[in-house]
Amino acid sequence: MSDLVQWSGNLLYTSFILYLIATLLFGGAILPKKNGQKQGVNRWGKLGITITVLGFIAQLGYFFTRWAAAGHAPVSNLFEFITFFSMMLVGAFIIIYFLYKLPVLGVFALPVALVTIAYASMFPREVSPLIPALQSHWLSIHVTTVAAGEGILAISFIAGLIYLVKTIDQSKKSKQTFWLEAIMYGLIAVIGFVVITTSFRLAGYEAEFNYVNKEGQAASETFTLPAIVGPNEGELLTENRFEPIAEMPAFINAKKLNTVIWSLATGFVLYWLIRLLSRKRVGALVQPLVKNVNKDLMDEVSYRAVLIGFPVFTLGGLIFAMIWAQIAWTRFWGWDPKEVWALITWLFYAAFLHLRLSRGWHGEKSAWLAVVGFVIIMFNLVAVNLVIAGLHSYA
Amino acid sequence: MGKVKCECGHVNPHGTVLCESCGRALTEEAKKEKFHDMRYEGSARRSQTYNKTIVDKVWNFFSSVKVGVWLIVLTLIASSLGTIFPQEFYIPNNVTADTYYEDTYGIAGKIYYMLGFHDLYNSIWFIALVASIGVSLVICSLDRVIPLHRALKNQRVARHTTFMKKQRLFASREGTIEPQEIGKVKESLKESRYHIREEDGSLLAEKGRFSRWGPYVNHIGLIIFLIGAMLRSVEGMYVDELLWIREGETLEIPGTDGEYYLKNEQFIMENYDKEKDSEVFSEAIEENGVIAKNYQTDAILYRDENRDLPGAEPELVEVKKEDIRVNEPMKFDQFALYQNGFSQNEMKAMEFMLTNKETQEAVGAVKIDLFNPKDVYDLGNGYKVELLGYYPDYDGIGKDGEPKTKSPVPNNPAFLFNLVSPEHPDGEVAFTAIRQTMEPMGETDYKMEFSNIETRDISALTVRKDLTLWILALGGTIFMIGVIQGSFWAHRRLWIRQVDGKVYVAAHTNKNWHGLQRELDSIIEHTSIPSPEDQQASEQSGKEKN
Amino acid sequence: MNKKKKRLIMRSVILAVLALAVGYTFYSNLTKEARGNLQEGDQAPDFVLTDLSGEKHQLSDYEGKGVFLNFWGTWCEPCKEEMPHMEKLSKEYEGQVEVLAVNVGDSELQTKKFAEQYGLTFPIAIDSSKEVQKAYGVNPLPATFMISPEGKVEKVVIGGLVKENQVRALFEQVKP
């Protein structure tokens, strides 16, 4: 590893720490004041945004040093892309912050960015050279624009989430509280993934399997988590390792499914731990944070982020994507799963805008839509790469 | 079913909700509203005004945004279904769809195939969905843009007070405004790029009206895009061919009507090398084993000058020499040639030694071109090798006792030789295949000993012509312009009116109320004009207090 | 009233245009498979090929006679079965229907050996560039095109002609 790559890694680490500090500072900024007065941006908030900007600069440093080391924009595998996405999310937050001066956005946006960076770092981090299909300037143009669009749309999710936390009545159980908890659980499951992967990695767990793959050929795979589900006709080679409870058919990637099961299970444990300790729904637990939030303003921020993010996403995810696909894959559109999910994302936000503009879906409905839109983006980012995998499965 | 005349004297089209000129509510519902619905300025949406004939009914169906949203949602769900399992065009070439899905994905795969989801995006119903969206785009836009344009064109400066009161941003007070204060506000409004119109003491400041046309512009872009996609199926607009070409071969480029030929000089495949490439990659190379670096066909493009009939000898003139790489297609005329795939190490020639079995002495070498073998290979001194039979893709012996070949491709070449030597002037018959020799007519003194093999690569190039690209690009560009126009700008209006000893101020925007309020606050600050307040917010905070 | 009528006409025209566009899209998508392939009744594409003895054969030279145009390969089993019938009937219909056998993909050696083995006397040409094969959209072998004296494709048969009667019927069809 060259020095530059080392530096790059350190800068990313620095930005992570800075975002963490900034989150706490923003937390201080939204603490209710003693006199109960409506507050402007206080010193905590100013300090928070300063640290956030510093963190952002550090992350830019990571990005460009890695670019210099590799000779191509570091957006060519899952680790690099997700990290870049988190950077765009923070960038979008900074812009929105200067437009609306809302520290509460930082309290939600930065933790999401932190979880995203942690999530990214679970994937292979080495600098890989570009395969022929990726050797194009369009790599940096297309991928960065998509990530920027998705980062801005993520802010719409965060504002929507704040809106929901604020407005949903936590005094009784309802459909709304259930789905809000589902979102919270989803976020916690990502943390669960990071926790469980890191734990077993530190413990050095490895279990090797021989199995028969989709093409009917013999293959081997090393599991880094105890195999709850094992591969097709799998045979455990490593001694003293957990024997799979169930065997998967050949077309399912058992290793990835196993990781998903572990993450969901760990998330489940963490979630219930929080609930049992606090004796509250997670939604209710965070509700005090948004006490002073103006919900109409949140609605507007959420909508505004969609208005800014939608054109950027269209440009990067569809138009630039089509131009590059025409050059690299001979056709601008080929119904590859990733392409289809970009189209689905686009159609979804198109529907969102029509519902809002023409059918008057404001407030809570709009907030739910912003949340669902983000779920679709995450699905495309994570599940399509890991589960469906078409031409885009570089990672 | 006539026109609606407003109290202010303006004549509105039938179905108008708010007078185009003064904004007075014209319907009972509008009079009862807390806030006016300003989406289409209260103009008459034509589709809702006539509903007599079947044409009107169809029209009204597609004119509904609700229907449009449903179409979008249905397309969205349908699209996602197609990604559950790979589409037919992504499954391996050597299997058929009817068995592949069931074999690979079990019962779920079988159902998927039976429902036709394996080729979902070419199915009639999916195309019908997309086409319906296209129709909806045209009709929805037509139905809304005309009345909206009318309403915005006809709007009067002085709006009726009821209209102003029912705007989200509103304020009023007793008294009048000093003319110099009006002047000051006008100055600041102009600085903020507002267009100002005045009419006996009333004022209308407006900016960003063009953003209201954004949605219609982007819909036009989408319609053009869909037209482009439709035209692709017109004969001659689109070519999609695959050209498999061996190293050294010169072939007609399919789809060019015999005008162009291509020679494959050589095919190159490179992988990243830990030693040669940048050391930052060494870890990744170690981890992954092999990472491809380059796929390349060194090609020469020819034009056939006589452009004769198929099968005729072409008269080739070199046009250009170029290396075709992934991401770097060769372009000529309206065509582009893309590096698409390859197959390495196809056998081209085999070399054998005619060998005396006893002495192990080699008499001479015979090199057989697997694509153009000769009858006889004369080695001199009474030695020669006759080729009695050639089976390029040997597949065992048939019922008639003859060796069989599966295909004309030399995947597994086999030969029936007659080995002539001074000892055996009539020759000895030997059958030679890879890892197998037979002597069908009895044991021989000589044999053909395999000594060498020549191979070459085959490159697969996609031949593409797409005359619809510029239409799609135009549609895409217009769409982007429209989307940006509609989402990065806002249509803001401020009305100030003095009537009956009262001052009324109201403001409206189609988005970003927060921004409008901030802007107005800074403009109206330090004047006696009341700053409009968000009635929706105060209403809520009022509620919360109670 | 007049205005209402005008509006109805306007709407009808727009809807008709849209319906036409959608209809065309359907039509072209449904016929995508069939298009590009040679259909019975089409004009047979002209071509020129050199046979094993070095003689040139151009399809248009056969005007006034029927042509039995057969695409084949030495590796293809059903091709072998129909060859004897073709040989026999080509003699019988000499001067009326000409047989032209186009080999796809084999080397000269194989083709010659095959012709010797089966005692074939009708012209055999090798389509080494595969241009003629493409012009006729031939994929599975054998494929037989019966071309009328006027140069029209009368019949397309994909697959082997096992019985002599079948072959005879085809000859009769294009006899001048």
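In this document, chain identifiers A, B and C correspond to the written order of the chains, with residue numbering beginning at 1 in each.
Definition applied: contacts are C-beta pairs under 8 Å (C-beta built on N, C-alpha and C of every residue); 3 or more make two chains touch, one makes a residue touch a chain.
Keep in mind it's a predicted model, so treat the numbers as computed, not measured.
Undergrad: If you walk touching chains, what's the least steps from subunit A to subunit C?
TA: Each step joins two touching chains, and the minimum needed here is 2.
Undergrad: With respect to inter-chain C-beta contacts, which pair, A-B or B-C, contains the greater number?
TA: Of A-B and B-C, more C-beta pairs in contact link A-B.
Undergrad: Give, as an integer number of Å, the spacing between the C-alpha centres of subunit C and subunit A.
TA: 58
Undergrad: Could you give the separation in Å between the centres of subunit A and subunit B, each centre being the mean of its C-alpha atoms?
TA: The separation of the two C-alpha centroids amounts to 26 Å.
Undergrad: Counting in whole Å, what is the centre-to-centre distance of subunit B and subunit C, each centre being its mean C-alpha position?
TA: So the centroids are 36 Å from each other.
Undergrad: Quick check: what residues of subunit B touch more than one other chain, meaning two or more?
TA: none
Undergrad: Name, in rising order, each residue of subunit C that touches subunit B in their complex.
TA: 4, 7-8, 11-12, 14-15, 18, 21-22, 24-26, 28-30, 32, 35, 45-49, 58, 73-75, 104-110, 113, 125, 127, 129-132, 134-135
Undergrad: Under the stated contact criterion, what part of subunit B meets subunit A in this complex?
TA: Spelled out, the residues of subunit B in touch with subunit A are 37, 39, 65-66, 68-69, 72-73, 75-76, 79-80, 82-84, 86-87, 89-90, 104-106, 121, 215, 240, 272, 277-281, 283-285, 287-288, 291-295, 325-327, 329, 336, 338-340, 462, 464, 466, 469, 472, 476, 479-480, 483-484, 487-488, 511-515, 534, 536-537, 540.
Undergrad: Using the touch rule from the top, collect the residues of subunit B that touch subunit C in their complex.
TA: 1, 46, 50, 53, 55-56, 58-59, 122, 124, 127-128, 131, 134-135, 138-139, 142, 227, 230, 233-235, 251-252, 254, 258, 308-312, 371-375, 387-390, 392-393, 404-409
Undergrad: Show which residues of subunit A lie in contact with subunit B when the two form their complex.
TA: 1-2, 4-5, 69-71, 99-100, 124, 126-129, 131-133, 135-136, 214, 249-251, 294-297, 300, 303-304, 307-308, 310-311, 314-315, 319, 322, 326-328, 330-332, 334-337, 340-341, 343-344, 347-348, 350-351, 354-355, 357-360, 384, 388, 390
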